[in-house]
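The following blocks contain the structures, represented as structure tokens.
One chain, subunit A, appears in both complexes that follow, with subunit B as partner in the first and subunit C in the second.
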Partner chain A sequence: MRFLRKLKSWNMKCIYLLIPSLAGTFIFFVIPFVRVIYYSFIDNQFRRNFVGLDNYVQTFQNEFFQLALQNSLLLIVICIPVLILLAIIISLVLSYGIKTLRKTRAAFILPMLIPTASVAEIWRLVFTGETVLPVYTLFIWKNIGICVILLTAALTAIEPEIFEAAKMDGAKGIKLHKRISVPLILPTIIFTILLSIVNSFRVFKESYLFYGTNYPPSHSYTLQFYMNNNFLKLDYQALATSSVYTMILVIILVLVCFGLQRRYSR
Partner chain B sequence: MNKYISCLIVFFLIIFLFVSCKSTIIDEDEFIEDIFENINMMFETDIQDYDFIYQMKNMVSGVYAFTVSDNGELYFSNWIDEGVVNEIIDVFDLNGNIIDTINLSQFAWDIALDELGISEDELENLTEPITISLDSFLPSSMTIHDNFIYFTERNQFGSTSTRVFYYNIENEELKIITTLESFTNVRNIVFSGNFLYLHGRDVELLQNTNRPHILFGDSVKSVNLITGDIETVFDESPIGIAGMDDDELMVYAYDENEGFYFLKHGTDVRIYNNLRNSINNFYFNMFGDSSIIYSFGDFLILTTLDESDIERELARDLYFLSSKPFVARSGFLFYNTHSGIRRICVREMTLGTVLNMAHTDPGGTAYYTPVPVLPALGIQTRNMSIGYYDLAFRILSGDNEIDIYYLHSQHDISDNIRRRGAFYTLNDIPGIWEYLDAVFPYVRDAALDENGDIWMLPIALDTTLFLYNERLTAEFGIDIDSINTFKDLTFVINDLRERNIPVDSGAQYEWFFDRYFYQIMRNNNGFNRNDFRTMAEFFYDYINFVKGEWSFQNSQFLNANDFAYDEYFVEIDGRRLWDWRGRYLFTPQSLSLSRFNINLALSHEIYDDEMFFEQLKSMYDGTGVYNHIPLNYIHNRYMKFPSISGMAESDITVEFIAVNPNSNNLDEVIEFLTRLIEYQMNLENSFILKDRSTYTDRHYINDVYGILNYKDNFIRFSISSDLIYDDFRAFLGDEITLDEYLNRVEFKINAYLNE
Partner chain C sequence: MKKITLSALFLILATAFILPVIATIATSFYGERNFTLQNYTDLLFDAFAFYPAFWNSLLYAGVIVIVQLFVVIPCAFGFANASFKGKGILFIFYIILMMMPLQVTILPNFIGLRDLGLIDTRLAVILPAIFSPFGVVVINQYMQGMNNSIIEAARLETNSIIKIIFHTVIPQVKICIFAVAVFIFAESWNMLEQPMLFLRSTNLQNLSVFISESGSYAGNILFPASVFFFIPVLILYSFFNNYLEKGLTFGELAK
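Let's look at the complex of A and B:
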């Protein structure tokens, strides 16, 4: 009732304007999400027998799901700190470092503009051999642009007076940025980390094009490959349960990020 | 202002999208409705479903020509012997009941007087005797338009002219329209506009003999029904003629340089079809000199005279049926058998009850994509070639556009359909259990899922056979029984080369890689390092990857999948003839190709060298008709193809149909499968049925049957060799080491089987 009263108090125009967006979200996100949950509890979508948590148990016990999960987490644990650190350094250099370098700012957007297929082809010329490095490098190279843009925007939004006050108190050099700049842009850094985590789950395209197969070397076999291959095998249940696991993983990571943000904001 | 303009643009965009979508849907629905509405209006029926074969029950024998009226009535020219021979036209209704008999012989007297130009009264008053010949009027070709049956007479021996008649059904009146001099053997008569068009043969009488001589071959003549003028409208090797809906004439003809083409009479635009290139030289010859073309609506139906039954491999809009007359009307194709008339529904099923068939198109060098070979059983199947991703997406999303899946056990998605239950269970299809009992036992096993339900209908088997010439191998001292493995085979080939016997080593390694991969993986038991190491080393030793050839001694590279010829050509008068096809010692050959060649051999009955030679010589002399002559089968034998491990059984695959459980046309699907089962059960030399009595008694057929009937055979649903093909090439090209190759393969295969 309280919700209805609150709803009534809204301007009806607002509600009308929201309807298309809500409808789109409902049709394209909520319904598929519910269906995925449903599929994860049945034996297959042709016979549709309820099997409880069997699919979850099977998927979790599957050695290739474990391998994929491990590789996906490794990508997050190794690449994202490197990516964020690099992005912060570049942003600081661009914002407060050598002035001539600021003109090169646009170059960081280029990786986002070049088609992934071309990038993968070029990367193949650079990297050879059995190593995970090409995928990691490709991920960092591809995503650093957006991170730098976001962080640079946040840095330039800091009031100059704050720096002046800090300098008067004796802060300078790296200490200045460590104590002043970085804490002030912490929400943006957290947002950039979240964005990068989400992007890390989308590294499939680059990896697929680089290796040219649904079965890359074991070190690059991520959750997306696991899901894609099960899709081709018509195993919707493995696909659905691994999607749910991925969702849970992302929620945990988001919560950890928010927790960190809250802690450091204090 | 900008706000309003933006709103307007968005509004029009929405309207445009709506109209686009809407119009597509409406068009298709309307078209389906139109088809049924027109058919039912035409036949005054309420048919929503069409019989595929229509067998007349009260047919009299001896049908010479027939036609079908627009309302579906069948008109047959016929004769009956009731002491006096009467030439008649019988008329049957849609249900096969006789509704009328037109006795043409009763008009013989009147026609004879007409031709003499005298009346009955004048005859009474004749002062001198005259000879009146009561000729035969038995129609050799006929067509019906409004209430008139137009037909040509059946030529008597030695005749050089042909009379053209019409019979007025309403007035029961028979009249001669005209007599075409130096023109006989009319194959087809077409009414179009105010003209009759006749496709026949130009002849003249040889001097001092009574034998007609063919002048120029075939031509098309027109008879103006108003003025009576006769004109040769086409004389450049016509194959067939057809009337079009717009009262125009369509000619199908042959051009020595370019091949076959369609030509609308009165225009110069020739539309060449690519049958000659795209199908096979064999079919090119099947047109022969007696093909007939019909049109209805947008379809052109081409028929040919051939001894075989429906040619299954051909395109869907071209029909090559048996050696009987055909008539196409209103979506039905009628043809005359020895025992009656059959009616095949052709057009109606293309949309309303269409079975959209999907066969996967995996691509990749190591794959072979099967061509649908389903016979036209009254329900036309529209083929949709789709890739794995699309097919998987359609299956998982419950797509109902595709009704049946036409697949091959070699496609890895086949096994996924079975294991995931993505099929409509076929247990209740009439006759299916009997059919499964009739096929080889291992085929039956493959058709059942883990619960014992029938998940697919097997259509045809395939495997790689080893075809060899028994006489020649004996002459060269080859112990054919000693060739069990591929290493044995390479030993024999090298031995032949050392003896300076020309041996072609053009077999493509991709093909062998594929075979051996499937042999190793036939049980899907997982990765066996030793097997894959052996295979890798074997190929590495025998293949010059850079040159793309086998590393046999004195190797040559040719594209044919043949191993060894004894000669590349036949020499006649010092000239090489047919230098691409001689007799050979041995070659790998797929069962599907063998089946084709065997049937061809049986139909030609070429069993000795002399006949083979004569055929070639006649070609050389220019007197013979080009014919695809199969290899001289008298000495041909088959054995199991040498394997990598020397295993006793053959690796057999199956082409099959599975049904989409979400199909909107399940009734039609069931009907189609029922007919298909009936068709399959009556096949001869099918190489899928186990009943030995359904096979012709020939030594090469016995060989193949023996291979297929081996007790340990089984159908495998294996993973795709594409999975590791790039790695294999990388290894052969020295890009990766053997261990790296094996590690990659191990991961991929284990992941595929266990993820």
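Let's look at the complex of A and C:
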């Protein structure tokens, strides 16, 4: 009887609510991912010999993987600082700027919602020649929206009294924001950096739509192209190994981000 | 004076960001040298694959949003109210899964779908998207600011947790739900890799794939197709734009 009552308790009901989501997550993410890890340790689908870390070493030495990794890292190092700095400035203007400027909000938010495929052709008209610029600008254009939204939300949450006090002390204008607003939203800034790095792994879509091929010029061959091409070749070992590499990288980034967020939290 | 220069610079920046959208619309009416509707008639009367592609995009995005909300809202509420061993770790797992780029999750998704025999069916693009953890994390975060005394009061009136969610929880978090719905719709509407890799039949493909392959059709149908492609998103934005900042407040997950 006590067991039955426990099953009907409020707490149990709340736990039941998790079941649909958990079931789907296990069927489409967790269980298959365990198999992906298994694939990364065998020689191929048919023989299934355990080969230890061979696939990992091979992937790391693969010249296309190295090229892809280099390009992906370069994108992060160059684009993320530009993106985040722009996003901070835009959020400050949208939150505290004069009325006319605040009305430009849609220009920065809309790109994140607009399908990349529908603007790729315009990019192709504007950017000719062999540079990384089209993919970099598409990345920034596409990702500024979510950063601005998160940062503006954080700015709105700052209590007005804090500004009053700072103004009494004589701070104003850009200095006020540099000393007060930006440090206060630092945890959110850290999160937008994390989010943008993760989204930079997804730049494949922009790149693919711009070049219209799985084999773009070598400077734009990023990790996702490497993985996508192995997907099309059905090379599960190479694919599984780079999935695991990327996953480990993302887990480290998330944990570092959370550590930093805790440290700089109000 | 300095202020005016800075304001002008900012306006130029804003214009640069919206320019691709305006340029796409403008070019869609542009012929050899003049204004024309030719591109539109080419698209609507000659490229018949456009219609199923548009319908598929709408169907995928619509079904994904609606079903996902039914999975995600109860789950987020469950996380906020249940207490059990390992809840914290399970939630961190959801956050990490949310941050996983598509290229990590797409192979597991593919394997799961293949084992269920769903490759090359509509469910292949719909099912994995429904269980995306994004909504769970964001709505749960928003629920931290909920007024729990209303829920306590409702618990005295009814035993049904579903009723409680509908009558007391959803009204309190509806701004966040709208924001999440807009976001999920845009993501699903925009998806490219999933239909490319999970679907083979042309009649199941969505607009992203249609446009990326539209070079094979006669005429300059790319720009009008692009315009039709972003119209639904523009409509959604015009209705819900105020909810986005108020609803998507998940910037401080570690707190």
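Here is the rule we use: the second predicted complex is superposed on the first by the 245 of 266 C-alpha atoms of A that agree within 3 Å, B and C clash if a C-alpha of one lies under 4 Å from a C-alpha of the other, contacts with A are read in each partner's own complex, and residues count from 1 in each chain.
Going forward, contacts are C-beta pairs under 8 Å (C-beta built on N, C-alpha and C of every residue); 3 or more make two chains touch, one makes a residue touch a chain.
All figures in this text were calculated on a predicted structure; none of them were measured in a lab.
Asks: With the two complexes overlaid on their shared chain, look at subunit A and say whether subunit B and subunit C clash or fit.
Replies: Fit: subunit B and subunit C sit side by side once superposed on subunit A.
Asks: Take the Cα centre of subunit A as the vertex and report the angle out to the centres of subunit B and subunit C, nearest 10 degrees.
Replies: Nearest-10 rounding gives 60 degrees.
Asks: Please name the chain, subunit B or subunit C, that touches the greater number of residues in subunit A.
Replies: Counting residues of subunit A touched by each partner, the higher count goes to C.
Asks: After superposition on the shared chain, which partner residues are touched by A:Phe64: those of subunit B (first), subunit C (second), both, or neither?
Replies: first
Asks: Contacts for A:Met247 in the overlay, against subunit B (first) and subunit C (second): which applies, first, second, both or neither?
Replies: second
Asks: Thinking of the overlay built on chain A, is A:Asp235 touched by subunit B (first), by subunit C (second), by both, or by neither?
Replies: first
Asks: With the two structures laid over each other on chain A, which partner does A:Pro217 touch: subunit B (first), subunit C (second), both, or neither?
Replies: A:Pro217: touches subunit B, not subunit C.
Asks: Check the residue A:Arg47 against both partner chains and state whether it touches subunit B (first), subunit C (second), both, or neither.
Replies: first
Asks: Applying the touch criterion given at the start, work out whether A:Glu164 contacts subunit B, subunit C, both or neither, answering first, second, both or neither.
Replies: neither
Asks: On the A-aligned overlay, A:Thr104 touches which partner chain: subunit B = first, subunit C = second, or both, or neither?
Replies: A:Thr104 contacts subunit C only, not subunit B.
Asks: Once you lay one complex on the other using chain A, what is the shortest C-alpha distance from subunit B to subunit C, in Å?
Replies: 5
Asks: Identify the residues of subunit A that lie in both the subunit B contact region and the subunit C contact region.
Replies: On subunit A, the residues that contact subunit B in one structure and subunit C in the other are 212, 231, 236.
Asks: Going by the contact rule set out above, which residues of subunit A touch subunit B in the complex?
Replies: Listed in rising order, the residues of subunit A that touch subunit B are 44-47, 62-65, 130, 212-213, 215, 217-218, 221, 226, 229-236, 238.
Asks: What residues on subunit B touch subunit A, complex-wise?
Replies: Counting only subunit B, the residues touching subunit A are 388-389, 392-393, 395-396, 398, 413, 416-417, 420-423, 661, 723, 726, 740, 744, 747-748, 751-752, 754-755.
Asks: Please give the residue numbers of subunit A that touch subunit C in the complex, ascending.
Replies: Residue positions touching the partner: 10-11, 13-18, 20-22, 24-25, 27-33, 35-36, 86, 90, 93, 97-98, 100-101, 104-123, 125, 141, 144, 146, 149-154, 156-157, 185, 187-188, 191-192, 194-195, 198-199, 201-202, 204-205, 208-209, 212, 223-224, 227-228, 231, 236, 239-240, 243, 246-247, 250-251, 253-254, 257-258, 261-262, 265.
Asks: Can you name the residues of subunit C that touch subunit A in the complex?
Replies: 7, 10-11, 13-15, 17-18, 20-21, 23-24, 27, 71-72, 74-75, 77-79, 81-84, 94-97, 99-113, 115-116, 127-128, 130-131, 133, 136, 155, 161, 182, 186, 189-190, 192-193, 197, 207-208, 211-212, 215, 222-223, 225-227, 229-230, 233-234, 236-237, 241, 244-246, 248-255
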